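Can you read through this structure? Questions will come right after.
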Amino acid sequence: MSASRVHEGRHFLQIPGPTNVPDRVLGAMHQPTMDHRGPEFAALTRSILSRLPRVFQTSGPVVIFPSSGTGAWEAALANTLSAGDSVLMSETGQFSHLWRGVAERLGLQVEWIEGDWRHGADPVKIADRLSADKEKKIRAVAVVHNETSTGVASNVAGARQAMDATGHSALLLVDTISSLGSIDYRHDEWGVDVTVGGSQKGLMLPPGLGFNAVSGKALEASASAKLSRAYWDWQPILEANRQGFFPYTPATNLLYALDEALSMLLEEGLQAVFARHTRFARATRAAVDGWGLENLAAVPSEYSNSLTAVMMPEGHDADKLRGMILERFDMSLGTGLGRLKGKVFRIGHLGHFNDLMLMGTLSGVEMGLHLAGVPHQAGGASAAMRVLCE
Amino acid sequence: MSASRVHEGRHFLQIPGPTNVPDRVLGAMHQPTMDHRGPEFAALTRSILSRLPRVFQTSGPVVIFPSSGTGAWEAALANTLSAGDSVLMSETGQFSHLWRGVAERLGLQVEWIEGDWRHGADPVKIADRLSADKEKKIRAVAVVHNETSTGVASNVAGARQAMDATGHSALLLVDTISSLGSIDYRHDEWGVDVTVGGSQKGLMLPPGLGFNAVSGKALEASASAKLSRAYWDWQPILEANRQGFFPYTPATNLLYALDEALSMLLEEGLQAVFARHTRFARATRAAVDGWGLENLAAVPSEYSNSLTAVMMPEGHDADKLRGMILERFDMSLGTGLGRLKGKVFRIGHLGHFNDLMLMGTLSGVEMGLHLAGVPHQAGGASAAMRVLCE
Amino acid sequence: MSASRVHEGRHFLQIPGPTNVPDRVLGAMHQPTMDHRGPEFAALTRSILSRLPRVFQTSGPVVIFPSSGTGAWEAALANTLSAGDSVLMSETGQFSHLWRGVAERLGLQVEWIEGDWRHGADPVKIADRLSADKEKKIRAVAVVHNETSTGVASNVAGARQAMDATGHSALLLVDTISSLGSIDYRHDEWGVDVTVGGSQKGLMLPPGLGFNAVSGKALEASASAKLSRAYWDWQPILEANRQGFFPYTPATNLLYALDEALSMLLEEGLQAVFARHTRFARATRAAVDGWGLENLAAVPSEYSNSLTAVMMPEGHDADKLRGMILERFDMSLGTGLGRLKGKVFRIGHLGHFNDLMLMGTLSGVEMGLHLAGVPHQAGGASAAMRVLCE
Amino acid sequence: MSASRVHEGRHFLQIPGPTNVPDRVLGAMHQPTMDHRGPEFAALTRSILSRLPRVFQTSGPVVIFPSSGTGAWEAALANTLSAGDSVLMSETGQFSHLWRGVAERLGLQVEWIEGDWRHGADPVKIADRLSADKEKKIRAVAVVHNETSTGVASNVAGARQAMDATGHSALLLVDTISSLGSIDYRHDEWGVDVTVGGSQKGLMLPPGLGFNAVSGKALEASASAKLSRAYWDWQPILEANRQGFFPYTPATNLLYALDEALSMLLEEGLQAVFARHTRFARATRAAVDGWGLENLAAVPSEYSNSLTAVMMPEGHDADKLRGMILERFDMSLGTGLGRLKGKVFRIGHLGHFNDLMLMGTLSGVEMGLHLAGVPHQAGGASAAMRVLCE
């Protein structure tokens, strides 16, 4: 590549996604592109489609798009709604705002439940809005499961229960881009209608694939939904998938990677994957406590297991710290997004990751805090080790 | 991968795209995914964006989408048109039909110039329609430069001249998915407003990236175009590109591949690339003549230099031949699409390709014709060698 | 790499080794080096050592050296002989001379059966020499199974039978560097004592590994053999292998490659591998005949199935032809070695290779002959196709 | 590979070699093998041979063998000595014993200066022995620069000075297998005659290449040295190298890797490489001190900068600790070799390595000590961070 600088040792990519891609996955991608209309391709498609739904914990179909996760947001909306429909969205952070932007650009009415970027979506408030929606204008409730900008995880099961309690028929659309394959997530059990996913986080792939897991009710809704759609339309994809193909040229080499990543996730076992991320998150929070710093997530039950956003002490710029850590320790941390710019840095602890990579990460943060003169107590990394030794 | 069979030697991927991806490109893709908001990524973006326009022979911007080529079709329309606008399209083959489908799904009115799938778009007919469009309902003319289903190349420069001659202000949108980086194509000189491209053909990449090269006039049109768009919107991409970034998580590893492929194309030199493809096409046509078979493309000036569609003798099924060649010689040829199903097979001779790969390809076809009992004369491969020795 | 030039399409590496390395093998090599004293490494060693002997068709051990094939020559001699011992060698071509050189440098006496570089080792002459060796000074007979410089395969089974008929106890050492994994070779059945192999030909690996398959008699001989040896000593390797290890740091990533190549060979099936090479060789000889050129190998029963050496017409320089073919068609052919310099070129048709790669190869030779003005008839490639269609 | 287990995150390969191979190097190796007699290969050889001597800090030639480092030991002896010659060797640890074994197997007389495996070679004792060697039977002094089994670095410059002071003409042979490219080493300035190196440590390559840097005096000695040698003979290699070739089929893909690794080392700058390793070693020693454990190396001036051997408290088995750390934290540490079995574990901190990888490593050791119930003080990792923050 034309623009690389000298790296001594491996870069620590500790943004909350894209995550460190395993060698097995990069190696799988490094194979000759094949005929996307041939029998070997059909076998590949079947290998993927027979296993991918397990990661969403669904028995229904999962639609794969050659796209970023933002494309999968658009697909979730475009397949289920019509111009002028209302969508109820909860402000959880930057990505809830971005998804709102997509909805508005598509001509949807967004009902917005304001939030403080430190809490998840509130099931009670969602239920209240639905109860108040006597005309049933709200056709969908959209929730970000794991808000990547804040490290706050919303209670999706609770949202569904609250919705059900109102008797309202709105669909439930959930963004799991930074939780899928990292945090326990149950499309079927929780009654989600469309789950939006992306390749570059818990799935351990490079970016370039977006996903929609689709419930029967969502499929039904798509039959009458009137938003114009071509690229994002589920129907031709589901139809072609039945023969093992796609209605367009799919992103073949990313599919090789997906097939391999599914093997890795299922070899480890989903429960083991979730438990591993829980440990990383607990150890990271112990480190944050140890430093005497504050987790942006305000409520323990909503702590994210895939990333932690750390608040900077007043008067200290998070991006200055991040720049120094990048320069000195070759580690990328997540920046503060939107109104959190400069106020938080985010530690990604998800994907192809283990205890010693985490300790390298937390040690890098601790040394960075020291070198940047950020007020803190030493001992965060040591505290994390105590958690990892439990 | 779970579904591979034993290959002795390299597979011959001679469909007209995806094409054989060079080892250099696969190797470039096989690098750790990086922080898409960091300085190294910005340098990568700049390396790409400073060179990619040269392939389109434009000095204007090129927008990159994580998508298939069909996504780039949608983007070209969605950024420039409004609901109810008319688009004038010329039937050249299957891909013209598919693009038409996208336009209709977006709520556009398609004016359709029928064709016989053996000729390119007719500048005269385009001009006639524009002249007849007194109310200026036609806001865009869409042409497939190189129709992948037929091996027919349309006269884009001629279309533009004919359009200009009418004084009509319609935009010119051109699909170059299977010609870009293989056949001489001049976005600026030919007055094209939006050029649609894809990664998996002449650019020698795996599929997964779509492109729009955009003229000043198209950019202007986008300011007032009213089709809803989010993912496909040029504006936020162009804006973020200025800093070396993207408004969403880009398909990083495919961008590594693109950067490397650009290096390869520019090291060889675009004129050399075009000349090489011209030779391959001439040799292939000599082989087809030598076999006594017929090229689907009816007019020599419209012969494609990146693929050749060969008509099967009456009563012989092209797909049976293709299946046998795949089984026996491990070569994938292009199937007949749409109404050409079973009637033609297509030989891709584009991308990372050379004389001896072409001779392996043509020898495989010749042996396949023999083994399948398809009436033909031997000697096609020999005729190709004579061309290659000139 | 610093020294690469632009390649359009894949290089045709048609020297008789190193051969075209399959993507699967390159991909296997592209994995992190592991601890050569850990349990995962032991499992790798066992996976290899349980399967590698099958390729030699032996039930005995195979010793792996991090070395070129010439190292494995030295090992075969150093483990079985003592200073001053005589070795009976047959001149078959350049590699028989080189092996002789190794023997002489080690202080062995070489009995030399002269040859004309167009015939294999002669069992009758070997038997005659052994019969005449009343003092049993000859402790080993060394034969090159497939002489890479000439494309002549010696009759190893016949040599053994002739040796046995004399009642002489000499060991039989055989070089199979360019036949192993391509041509049927039977270490046990043919009574060979040490088989010398290398990684870079039929085994489809990059160069860097040498092999000795060892009979019980050879092992016994090694107990009293007095040539000094350290690196090449079988004993410590065989001993460490029992636990899955090596007495030195082994060439780990080449072992990854070997493990994968064994999977490929055994998935295809050894008999299928041999049959495939037989076809390639027959087709190539048909091409040579078709061109009206002469095969260097004089006797049909000794034709090599892994390479063919083609004699140039008087007054034409083979290397000039080769240079032109490299320049124009990006194909490497084997040069004439030793006294054959300029007089022959060699076509490698072994390893990861298939019909269409062969046709590309033969077409390249045919076009090269034409362009270089070498007297020949056209039609060689066509003749090869006829063989491949049988 | 057939034998892999599930790895979550990257394995920590912290044995003192093989070391973590950079992606750039693995990627370079993952290229098609080329004709080793063609012009592109010659360019590769030149690119390597023009830069490799810099790593040895010599202006003389460096001979490359397809071999392990033990082969390069053998080559150093076989090219310079004759049967019965004496070699003066200093016991520094396991590798000094192994090199001694090679010398004895080659028929050399070894004069042995005993040592306690905690100190380097003693220049004074070397000088004493040389002074006592009135008959000049000692033709070479062999020293292990950095004893990989103990983490003790010998004073090579001092040894040379002491030798010179005696007026004795013995050659100086030095093993730098685990120091080359990590610790400052100066072949020319220090008056070394043969430097033995290997690929898999500071050079950041997989194992499979051995090196001899050769002084003019050593070259001269080789003209009269009488040990039999074929594979290891410098002369044919040096001769073929002049044209860019090798006298046998070289390990092409490892040479690709070497070429890339040289680029990486020289891009970083040798002085920066050495300084980086010095920091890692200081931080590691601070950790060992912090744990209250003892460094096997007894003398600070002899501390190795590429590895640290840590002594286990009495009654605790190092290999049990290592096994637990491998199982629980997926990190490989070096075992105690020879008489140190079970008594020490070795931390490799060399090669493609950085601060955060080191902190992951040291954290893993600290957690392992805790979990294994090894008496120690917490705080070693914290102490290391303090050093890294200086």
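To keep things simple, chains are lettered A, B, C and D as they appear, and every chain counts its residues starting from 1.
Here, a residue touches a chain if its C-beta (ideal position, glycine included) is under 8 Å from a C-beta of that chain, and two chains touch if they have at least 3 such contacts.
Please read these numbers as outputs of a predicted model, since none were measured by experiment.
By count of C-beta pairs in contact, A-B exceeds the other of the chain pairs B-C and A-B.
Distance between Cα centroids is largest for the pairing of chain B with D.
Chain geometry summary: the mean Cα position of chain B and that of chain D are 54 Å apart. Chain B and chain C have CA centres that are 45 Å apart.
Each chain gets a centre from the mean of its Cα atoms; for chain A and chain B, those two points are 34 Å apart. The residues of chain D that reach two or more other chains are 10, 20, 23, 27, 30-32, listed in rising order. In the complex of the two chains, the chain D residues touching chain A come out as 6-10, 12, 20, 22-23, 30, 264, 267-268, 273, 276, 328-331, 352-361, 363-364, 366-367, 370-371, 378-379, 381-382, 385, 388-389. The touching residues of chain A, when paired with chain B in their complex, are 1-5, 10-11, 13, 15, 17-21, 26-40, 43-44, 46-47, 66-71, 74, 101-102, 105-107, 198, 200, 206-208, 227-231, 233, 247-254, 256, 259-260, 263, 326, 332, 335.
Of all residues in chain A, those touching chain C in their complex are 23, 27, 30-32.
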